[in-house]
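Presented below are the structures under discussion, each in the form of structure tokens.
Consider the two complexes below, in which chain A is the common component and chain B and chain C are the respective partners.
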Partner chain A sequence: MNKPLGISRAIALLGVPLVLLITFTHYPLLQSVVSSFWSKGTKIRPSKFIGLDNYAKLFDDPVLAKVMWNSLIYAAVTIPVTVALSIAMALLVNSKLPGRALMRLSFFLPTMLPMIAVANLWLFVYVPGYGLIAQVMIWLGLPDINFLGSSETALWAMMVVAVWKEAGLFMIFYLAALQSIPQNLKEAAVLEGAGKARVFRDIVWPLLAPTTVFVAINAMLNAFRVIDHVVAMTNGGPNNASALLLFYIYQVAFGFRDFPYGATLTVLLAGILGLFAIVQFKLLDRRTHYQ
Partner chain B sequence: MKLNRLLGTAALAAGLYGTTVSGVQAADLEFYFPVGVNAPAVETIQEMVDAWDEAHPEHTVKAVYAGNYEETTTKALTAAQAGNAPDVAVLLAIDIFTLVEEDVVAPFSQMATSEEDKAWMDSFIKGFTVDTVFGGETYSIPFQRSTPIFYYNKDAFREAGLDPEKAPESWAEMIEIGKKLVKKDDAGNVVQWGTRVPNLGLAGLWLLGGMVYSMDGTLTTDSGTEVQFNTDATLSAISFLKSLAEEGIMQPGGVTWGDTPKAFIEGNTASMWTSSGNLAFVNDNAEFEWGTAFLPGGNHPGASLGGGNFYIFKDTSDDEKAAALDLVKFMTSPENAAKWAISTGYVATSEAAWETAAIKDYTAQLPQALVARDQLPYAYREVATFQRKRVAQIMADALEAIIAEGADPKASLANAQSEVDKILADYN
Partner chain C sequence: MTQRGASLQVAGLKKAFGPTSVLKGVDFSIEPGMFLTLLGPSGCGKSTALRIIAGLEPADAGTIRVDGQDVTDIPSVQRNIGMVFQNYALFPHMSVQQNILYGLKVRRTPEADRRRALSRVADMMGLGNLLDRRPGQLSGGQQQRVALARALVSQRPLVLMDEPLSNLDAKLRTEIRAEIRELNQRLGLTVVYVTHDQSEALSMSDRILLLNNGSAVQFGSPQDLFNTPATVAAARFIGTPPMNVISGENAPESLGRLSVHGDAKDLLIGVRPEDLSLETGAADTRIEAEITGWEYEGNNTLVKLRTSLGEAVTLSQKRQDMPERGTRVSLGCSLHALRLFRKTDGTALDKP
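Right, the complex of A and B next:
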């Protein structure tokens, strides 16, 4: 019933996305690779070909070491916490509790706000002395915490914002997945004497796996890709304690105007993300059952 | 645009026939400007630009709001590299080294050569012209300049039994008075700090620069190739800054720039060190009597200067340069400088501007605004070098490590000094 498409029409249809992909993804990436072999240039001191010097510099850059470490902690914490929280919220709003609609709305609300608005909101939550948390702490007679102004807490404060902002979106995907789980499977398990925990572990969780793959990949991308809150809240400080890799790339390229080193860092970021994507697809795919 | 070209040609033709004395060619100017304050700056700029446009029907000018300082510089440089430079822009005064290195700006000293022009260039307050010069040429004209001053809550001073007309002048007095201003609740938590000095990021470095200057040091020299970070002057400034937290006068750890005016308004701190650009905000929001004073200093008062200047880009025709020069003269005329200062809180840049009736009315109503001008003899340019952002970031990181991580000041300064020396070695 499907007539094979003419070759010319196929090319036309594939051509449009291909042009977009090449223009906005492949060509810039290739250009980044090319410029990573050059030195920072200005009109007075033109850029020189320096081979792999920029790559050697990666290993000798104390700020990069810190930033990589921050990004690693950030991803390792925010991804599982976001997944867990979004499942918990989805289970909650999927149950027959009163006020369900209000709960769904309030869980989803942070997702609808732009990250800059979220960051400004949280600036008020965190500010010592008269911020939201500070007022509660003072009322409870507890000492104030300078969340964004100390190196021990700044990164964690960023993570809370990211999780708060993202869990709501992923909750929607889990909610949809939960509602597509056939009720009879759960009923059969309950008849066989399975408790709630057992039903979740052996029925719900495995059937949510495709959603979990999707959510985990997106959460990971966001962990490396969303830095608006860092720019708005701490500018990477104090002393780079809350700087993430993409923030550092922005700082090096547009702040320091060192485009070649920025390109080198971009190649590094693209490499890391590519690697993660491959690992995730290979590992998770094998253990995921698509319906 | 085309119409103006035509008109220009017509004017030229008419000029050739001797029917008009106008020798000016039509120019289409593009003018980039940033906004860095909480004030109706865009409207005011547009108003001033429109006024110039009306007075010069042969020219057109398009004012382009280009974001904050950093974004505006990036856009102007990117456009210049693509062969589409703006004709004129307001950019950070301290970006002079970057702009010279990218070879995109034309020196005013070669365009404004008549006696009248020279008098105009000499009319700006001296402190503001330090960072307009490189290699003997003047590359920029002071426009939106700011400097930090000391704001204090007079009611809080009275409550603490202090003379509300006597602000602390030295660091020792700051500590002594600061201790008296601290208020605690029953649980021992501070509800009102003595003072608040932002110490994070480039803003922290901006204030540190003034403290160092009050100890007769400068963080960077006029050459743009030398940093003097690891010095006794910097060490004393840092030890004063640290002592504020150690003595319980200031919130420990990092103190942000952005929250500072709010903390003052909320009564969370009895005094603050922040830009004169916050005068309007404090005036509109403070529900207590407040005053301003020079920043307390080490050997004497000291403050950094900040803000943006006019630059004219190289890659434009002579006619456009002439028109751009005229626009800059207009924008910096005493009346306009005064208007700009009043609507934004920036410090008017020429003595003549401070003599205008408009500004006299303004300072009669808001005498606190005079402090910024009077403090100028004790003010010096902020950190400025080639590779400025990278150099300043290294210095700010070192300050943050000392403040927020308890790093050893001497070792941190020495380490940062050797890093910036490496970067600037290329330029010496």
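Right, the complex of A and C next:
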């Protein structure tokens, strides 16, 4: 059983994943870092080494500032809302209400749809004049709002879509976590005089912490990673009001074909995501292990 | 430190889960400070009864009175009952100290009182140097003590314990058993204790309620249950090894001498293994049997026998020299050690 592996076999076993990782993850990232030190090449002026100029440019790029701000708001709002909503749905679905199988299905349904389909669905909801919301507003005698078309509401309209789509998935994780909390812990708290809210605050919520950290990581990653709905619904507009960081990278690199600056932004994004990962693994290690 | 226990009366307690009837009308009543054990085989409804008393489960019928007050319909919070759960139910994310003080914190007991209560139970349970640990960092016995401390810190007059020692090894079990019994006597609190271990029940209790299939078989002191089992089921459940129950036809002439009316074949004779002897001296009654084997247990030896009617009988004796397997013997026994039961329904006849 414990016979040591031959060195050649060990290299072969390590080699395959290593080659794949290097080819598709490390090398492109390294390539991005390298090309972020070069200028954008044109027909007449070939690309040349410019050191940290691209990074200096980050600081006085007003679009980047706007996009970072958007991403920040997007993360700061969608993460807690998603966590709260998915816990609420999990609690509802975990109770002994009639029809909970149907509820589980309907809460989970949005998660199974591809983002593009979800975006299209919500386009119909948001469309001014005859969309679902517009019809309700008109019926109530309220003014019609172009949710996706105005810079005050576009980002928020998209956050609603993201939450709607993601909460169902996170509900499943919370449901599993809820069902693994022993019933008698709650009963012990009740016998000690705790009411429903108190039991949730003192027992259920702390025991859900590992799930919450996991959900927060994923919601955070999604906030910086998902652009399908931006592309499908607003294309970042109006006036970059709904553009997120990854969407901006996509625009710079493939829209304006400024690959070096796109690479610089990519390095920025990779740095941000790496930072989140470190912080959250630290959190997971320190705070949420009880055994 | 003295504290008065509560009395507890349970009458006509019924509970069904769907089509299965789990409790079929259970009654008992205990005085303040008593130690009551609910005893019975697995699945007989002990935990269900305890949970209904605690208010964690509603009863279908019946009343529960604590200190004379009807608590059947009031929520568990207001019943003022402490409980030790079968597998401790300690809060894994709280330290030992937070676990113990949780109830006092919820009920907003003043800080000074809390500190005093903590040091009292921590001393009592020997938890002084474990207060900052998490339950996951404790041994089973230590967790047990924390669970007991949590149930005792509030000084509630009635404490329920659901098989609290089932996960411990034999040595720790006897230790904590004595500790619980001592607490009950020293603090004067009323304890309702659940177990399926009859020797635990005999050694700890003031009263035992023997349950079988959701019905009370017998309610009485440990001596009552041991000496005068109310049914064949009770006789076969209590004692290690349990009472021998054989057909009356094995000793018809002694039944005659007991002047019991009715046919010997309609009766069952119960006799404890300790009351049988292999000696050939004077005995009130004799049962013919053949030795089929024996088990050496250290302080005594169990002799396995078969009567002439083919029924298995066990005899327990101090002597260690053993007649050979296959030897025919006649087992002696005094008349007053015999218990008689009806074959039809298993109930005991009046003590001869």
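As a working rule, the second predicted complex is superposed on the first by the 268 of 291 C-alpha atoms of A that agree within 3 Å, B and C clash if a C-alpha of one lies under 4 Å from a C-alpha of the other, contacts with A are read in each partner's own complex, and residues count from 1 in each chain.
As a convention for this text, a residue touches a chain if its C-beta (ideal position, glycine included) is under 8 Å from a C-beta of that chain, and two chains touch if they have at least 3 such contacts.
Keep in mind the model is a prediction, meaning the values are calculated, not measured.
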*Once the structures are superposed on A, label A:P210 by its partner contacts, choosing first (chain B), second (chain C), both or neither.*
neither
*Of chain B and chain C, which one touches more of chain A's residues?*
B
*Touching A:A194, do we find chain B (first), chain C (second), both, or neither?*
second
_Touching partner for A:G141 - first (chain B), second (chain C), both, neither_ = first
*Which holds for A:I44: it touches chain B only (first), chain C only (second), both, or neither?*
first
*Between chain B and chain C, which residues of chain A are contacted by each of them?*
none
_Which stretch or stretches of chain C touch chain A in the complex?_
54, 56, 76-77, 81-83, 85-87, 89, 91-93, 102-103, 106-107, 134-136, 150, 154
*asked:* Applying the document's contact rule, which stretches of chain B touch chain A when the two form their complex?
replied: 70, 74, 77, 98, 100-104, 185, 187, 189-191, 193, 200-201, 251-256, 258-259, 262-263, 266, 268-269, 387, 389-390, 393, 396-398, 400-401, 403-405, 407, 426
*Which part of chain A faces chain B closely enough to touch in the complex?*
42-45, 63, 123, 127-130, 138, 141, 143-144, 146, 148-151, 235, 237-241, 251, 254-258
*How about chain A: which of its residues touch chain C in the complex?*
182, 184-185, 187-195, 198, 202-203, 206-207, 209, 290-291
